[in-house]
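Chain lettering (A, B, C, D and E) follows the sequence in which the chains are written, and residue indices restart at 1 in each chain.
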Amino acid sequence: MQADIQKTEQEKHTAETISMKNVSKVYDNGHTAVQNVDLTIKEGDFVSFVGPSGCGKSTIFKMVAGLTTITEGHIHLFNKEIDSSDRDSRDLAYVFQDATLLPWLNIEKNVRMPLTFQSIKKEEQNKMVQETLELVGLKGYERAMPRELSGGMKMRVSIARALVSKPKLLLMDEPFGALDEITRQNLQEELLRIWNSQKMTVLFITHNVFESVYLSNRVAVMTASPGKVDDVIDIPLSYPRNSDVRTAPEFSNLVAEISEKLKN
Amino acid sequence: MQADIQKTEQEKHTAETISMKNVSKVYDNGHTAVQNVDLTIKEGDFVSFVGPSGCGKSTIFKMVAGLTTITEGHIHLFNKEIDSSDRDSRDLAYVFQDATLLPWLNIEKNVRMPLTFQSIKKEEQNKMVQETLELVGLKGYERAMPRELSGGMKMRVSIARALVSKPKLLLMDEPFGALDEITRQNLQEELLRIWNSQKMTVLFITHNVFESVYLSNRVAVMTASPGKVDDVIDIPLSYPRNSDVRTAPEFSNLVAEISEKLKN
Amino acid sequence: ACGSGEENSGAEADSSELEEAKLVTNWFAQPEHGGNYAALVEGMYEEEGLEMEIEPGGPEISATQIVASGDADFGYTSGEDLVIARDEGIPLVAIGAIFQESPYVLISHEGQVDSFEDLEGKTVFTATAVGYWEYIKEEYELEEVEERAYTGSLAEFVDNENAVTQGYMTSEPYSLDEQGVDIDYLKVSDSGFESYGNVIFTTEDMIENNPEKVQAFMNATVAGWEYYRDNPDETNTYLQEQNPDLTEEKMEYSKEAMDEIVYGGDAEENGFGYMEADNWQTLQDNMNQLDLTSSEEDIEEAFNMEFLEEAHNE
Amino acid sequence: MNSNVETTSIRTSGQPKAKSMSKGKSKLISVLPPLAAFIIFVGGWELLVRLLQIPHYLLPTPTAIVTAAVENAANLTTAVSVTILEAVIGFTLSVIGGVAAAILMASSKWVEKSLYPYAVILQTIPVVAIAPIIVIWFGSGMNSIVIITFLIGFFPMLSNTLIGLNATDKDMLNLMKLYKASKMKVMWRVRVPYALPYITAGLKISCTLAVIGAIVGEYIAGIGGGSGGIGYAITVSAARMETAYLFACGIAASLLGIVFFLLINMFSKWVLGSWHESELNNKD
Amino acid sequence: MNSNVETTSIRTSGQPKAKSMSKGKSKLISVLPPLAAFIIFVGGWELLVRLLQIPHYLLPTPTAIVTAAVENAANLTTAVSVTILEAVIGFTLSVIGGVAAAILMASSKWVEKSLYPYAVILQTIPVVAIAPIIVIWFGSGMNSIVIITFLIGFFPMLSNTLIGLNATDKDMLNLMKLYKASKMKVMWRVRVPYALPYITAGLKISCTLAVIGAIVGEYIAGIGGGSGGIGYAITVSAARMETAYLFACGIAASLLGIVFFLLINMFSKWVLGSWHESELNNKD
């Protein structure tokens, strides 16, 4: 890892990227997915969400991204209240739980798509796409169609598509769930590198407590029925983190603490 | 766990459930997904497949299930050669990598579906569906439609649908990937219980080496480009396995061994 | 030749032994079919031992084909179509002509057309490929005529001062008059084109195998038309039931307009339905000349006066 | 790094209320646009005809049309009911026939390849050309009209259904294969439901075509009179130059088409509403 | 437990060969069934007519039809080319109009609700009823015929396209929302491609309807003579009772429809072949 990743306290901004106030979500079928969530996320945070299946993690992400209505409460994003009809105030990318690729575009075009909505020169686009595809280990699959990929490869295309546009806010819904350990660790390293160098804010859903501790500076632990944020745990491990961190006793303690919370 | 799970050597059948001889798969686009795989799986085995993303795990499963053609070599299933047009010789269930639910049926009907193809009485069906839904923790969601579920819940419906019909051979393609640790452990226990009590054969894809060691009596380690089975490792831990097993040094050694193989 | 004689020869028959018969006309029920309906309403067909069904035609219903196929026994057609049918090898035989001359008129806006020569330069709506129009074009050396398909709608005609449309003398002039459009018309029969209208026909087969039926039909038909001439009221009421769009005035107009061509001309002397071999011959010659047909056959084959004469002798 | 994630509080202060419009109001809003469009359309028509002094026999005013419809109410009612009967029967046949043929063709590529060209022929052979045969085979009147209606509505049903049946998700078919489901079961349990969006799309087209079909049928094979439908009424009023009544008939036909269409729409909502994107109300 | 999983060996003994039929053979097999069906159909027809001695003026034999077509080859060729021109122009207009209207309606529920009823009216208003107006406005001949063709093909395009546009996967739309894509871009980049299977289904219906439309148009607004199309030829041959030629015209129209259909089919394969289930050859 490069030297510029070494962050200092001054470099950290303190602007709020996201602030949720008393947020609830009741779906049209009457199901309360999320209840009374208060949460503030500062610029440059890397917050992981862990919690049982169906506890409302994806729902919170969708509300933050303006993809579903907020039944009660308010969410401010970049200091502006979210309104799902509003299209201008966001600079975010989202890795959905499913890969959600456009089936009629090949891999290269799928990844390039977000760039085509910005005024970026073609050659620049090519470069960015190539770099990102390499990053997720899909070089050589540019011309393949989505249906010709394995499950994990599709997910990696989706990750590449989110990373390619260098967003200020990145929402990732279980991005590495379908990946093997090696690929996963590579992508974790890359993600941390990008996060650090681009000073973006990352919200990350995972079922892997190790992963959440390894990556984040905060872990939000959720409980189900109805979905609530039970606790937000600080991870006081310094960046850059390397494989040594994983074996540190502090690390194990944090993992144990979070796992314990999840059990109740 | 009950006493009857305690298996003896005599109880084990030695019939071959699956035998693959020199199996290769080249997709229509010319991509060689699997090359020259030889593998024999005996009745009652629990074999996990681990390997990098895109190495051909799903492809092998699809060939075994007769869902895709075998380009070269032969696969025998229950001592009969597979022919993808043949429909009678199999008694297997398959959890696909994606949930693949029928969007127009509610959860209960989705799970019931495999039973409706067998001559099982309605009340019996109801009982089986209820039990299985409870097992995967989806009691109360009988009337929900697939689109109203979270990612992990959909996957659990898919698991329930595979388990409900009590197949002789169960193929599971990353069934627990989208689940949190607690739910995952519960389902692991349940799966082992069902496997033991029903004496079925299970093929299991996972990216979690702990999981593969915990569940299986054999782990097939695959390598990519082209996809091959690199090694098949015996897991000489006795069943029933409980959480103690996870902390046994033997367990850690096996995990380390497999992880090491995967790194190369 | 087979089984003639012993069967009911025109006398009253037991209603239980009525023989089914079917006539297909060329349009929805209207006074132009009055005599046949009169025979039906007044029980004349029944008296002749026929259980008669009259099926109205329509814009695209081809009575020639229906009768040729044996689905109906008798039909209405025009003289031209009969000649064409025979030329095509369809063995139809005319057994009476309701209209002694062509009922078609060429309608123009008032003061625009006085003679057939005046048609030059007009826009003319006629049914596609009709014989009389081919004849008029040739006979009056019309070269600058814009020909358009007549589709049953008069709106385009009314909209265009320069237009001429075909029509039935018993019908369109009345409609236009009702709408306050001032018109003139030329009778096609004045052009020199000789043709019968509403020709009643059957098949050669029928005449050969069941002449009694043809005779019975003709007896009642002639009686019906003679009756209808002076007593149209009951029949008209029936027509109106069949075709609610008919009004009293409209029927009166039609009746009046057609009396001349049904009961006038040759029919005045020779009775209803009369047909002259010379007229048929001229028609066939004209059609041949116009390349509409290329028929060499003896015109006597095309029509049969026996049944009509016998009916008049009754 | 600071503790820049604030804490969460768990306030179970009653159920949150949904921010949705009252039902009555949203109903009104859904009726308003078409109503406005209607008023603009009809008003504009009346005005245009009056201002440009278009002669009534060319384009009658809406008022004249309504008057003509009222005056001929009895005739119009019979005509409409005759046409409804013909259209409904013809439509039903084309739906049954189209779906059945599509299912047959979808069961085997061979059958599809062998029969599909004849379906296209059925569709493209001009009805006028075969009208005499139809009339001879089926008699003039109802039977032939129904056949003609059937012919016109058949192909859209067939074509759309077939595409839908062939579009079934591969994974679903794989699933059924695993259940050893018979071809028939796969068809009914998966392929037909999966094709439903296409089938209802076909229904929408066919139901409006059925009205046209019935009218064309009446034109070609109708017997008119008391049992004549809208096609007959149109023929008669065209010949009589009663343009206002002609338009009334045309509009009656259109309304019939719209009613058919709305019924199919309701059916589509009912059958797809709970799962298919095109009919989902719930946008969450 | 024994070691009941045998070992694997890595034999890279050359590329495995695909077990696929040679291309020529599979081509033959794909042509055979329709060919067989054709022979059975035509042969059966000829035989039936001869055996039952059906008179030629009711149902001519295939041989008689071919003879008539050959005899009138020159006329038939002009008629067909005129009809092709009309049908192609009318079809093009209905595709452009139908897709454009669907895109407009899909952009807003309000527009859809306000305009859709008029689209249904356009479809169901009997052409015969408005034929005079069409002819007066657009003149008889080509223009009016094209308009009538357009009217007939328009609705299937509109209806299918609209359903397709509304069926777009919610997740895809969400994705576009995140990219701050404008409504137009969402339409062109996602909704239209997503609707393509429905659009091609519409094209298949409209292209065959275009042939019917052109013929009906010629029937209603045709001018005949040297510039008369198949519809005119049909009228003439019907008036002349030349049944064999009449059938030849009808078959010519059908063939035209089939050719159109095949072209659209190729287009559909081209545009969907790489990704949509209904046109995927590759069944892996």
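Please note the rule applied: contacts are C-beta pairs under 8 Å (C-beta built on N, C-alpha and C of every residue); 3 or more make two chains touch, one makes a residue touch a chain.
Since we're looking at a predicted model, the values are computed, not measured.
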(message) Looking only at C-beta pairs that count as contacts, which pair of chains has more of them, C-D or B-D?
(response) C-D
(request) Determine, using the mean of C-alpha atoms as each chain's centre, which chain is farthest from chain A. (result) C
(request) Quick one: report the Å distance separating chain B from chain E, using the average Cα coordinate of each chain. (result) 46
(request) Report, in whole Å, the distance between the mean C-alpha point of chain A and the mean C-alpha point of chain B. (result) 29
(request) Measure off the straight-line distance from the CA centroid of chain D to the CA centroid of chain E, and report it in whole Å. (result) 18
(message) Centroid from C-alpha atoms only, then distance chain C to chain E, rounded to Å. What do you get?
(response) 42
(request) Spell out, as numbers or ranges, the residues of chain A touching 2 or more other chains. (result) 27, 29, 98
(request) Could you list the positions in chain E whose residues touch two or more of the other chains? (result) 58, 128, 132-133, 136, 169, 219, 235, 238, 243, 276
(request) Spell out, as numbers or ranges, the residues of chain C touching 2 or more other chains. (result) 62, 65, 69, 151, 153, 155, 159
(message) Which residues of chain E touch chain D once you look at their complex with the stated criterion?
(response) 30, 33-34, 36-38, 41, 58-59, 110-111, 113-118, 120-121, 123-130, 132-133, 136, 155-156, 159-160, 163-164, 166-170, 197-198, 200-201, 204-205, 208-209, 211-212, 215-216, 219, 230-231, 234-235, 238, 243, 246-247, 249-251, 253-254, 256-258, 261, 276-278, 283
(request) Spell out the part of chain D that touches chain B in their complex, as residue ranges. (result) 169, 171-172, 174-175, 177-181, 185, 189-190, 193, 196, 274-276
(request) Note which residues of chain B are touching chain D in the complex, please. (result) 62, 65-67, 87-88, 90, 92-94, 96, 98, 100, 102-104, 113-114, 117, 145-147
(request) Spell out the residues on chain D that touch chain C in their complex, using ranges where they run on. (result) 55, 57-58, 74-75, 78, 128, 131-132, 135-136, 139-140, 218-226, 228, 232-233, 235-236, 238-243
(request) Report the residues of chain B in contact with chain A in the complex, numbered from low to high. (result) 27, 29, 31, 50-54, 57-59, 97-98, 137, 144, 148-153, 156, 173-174, 177-184, 207-209, 259, 262-263
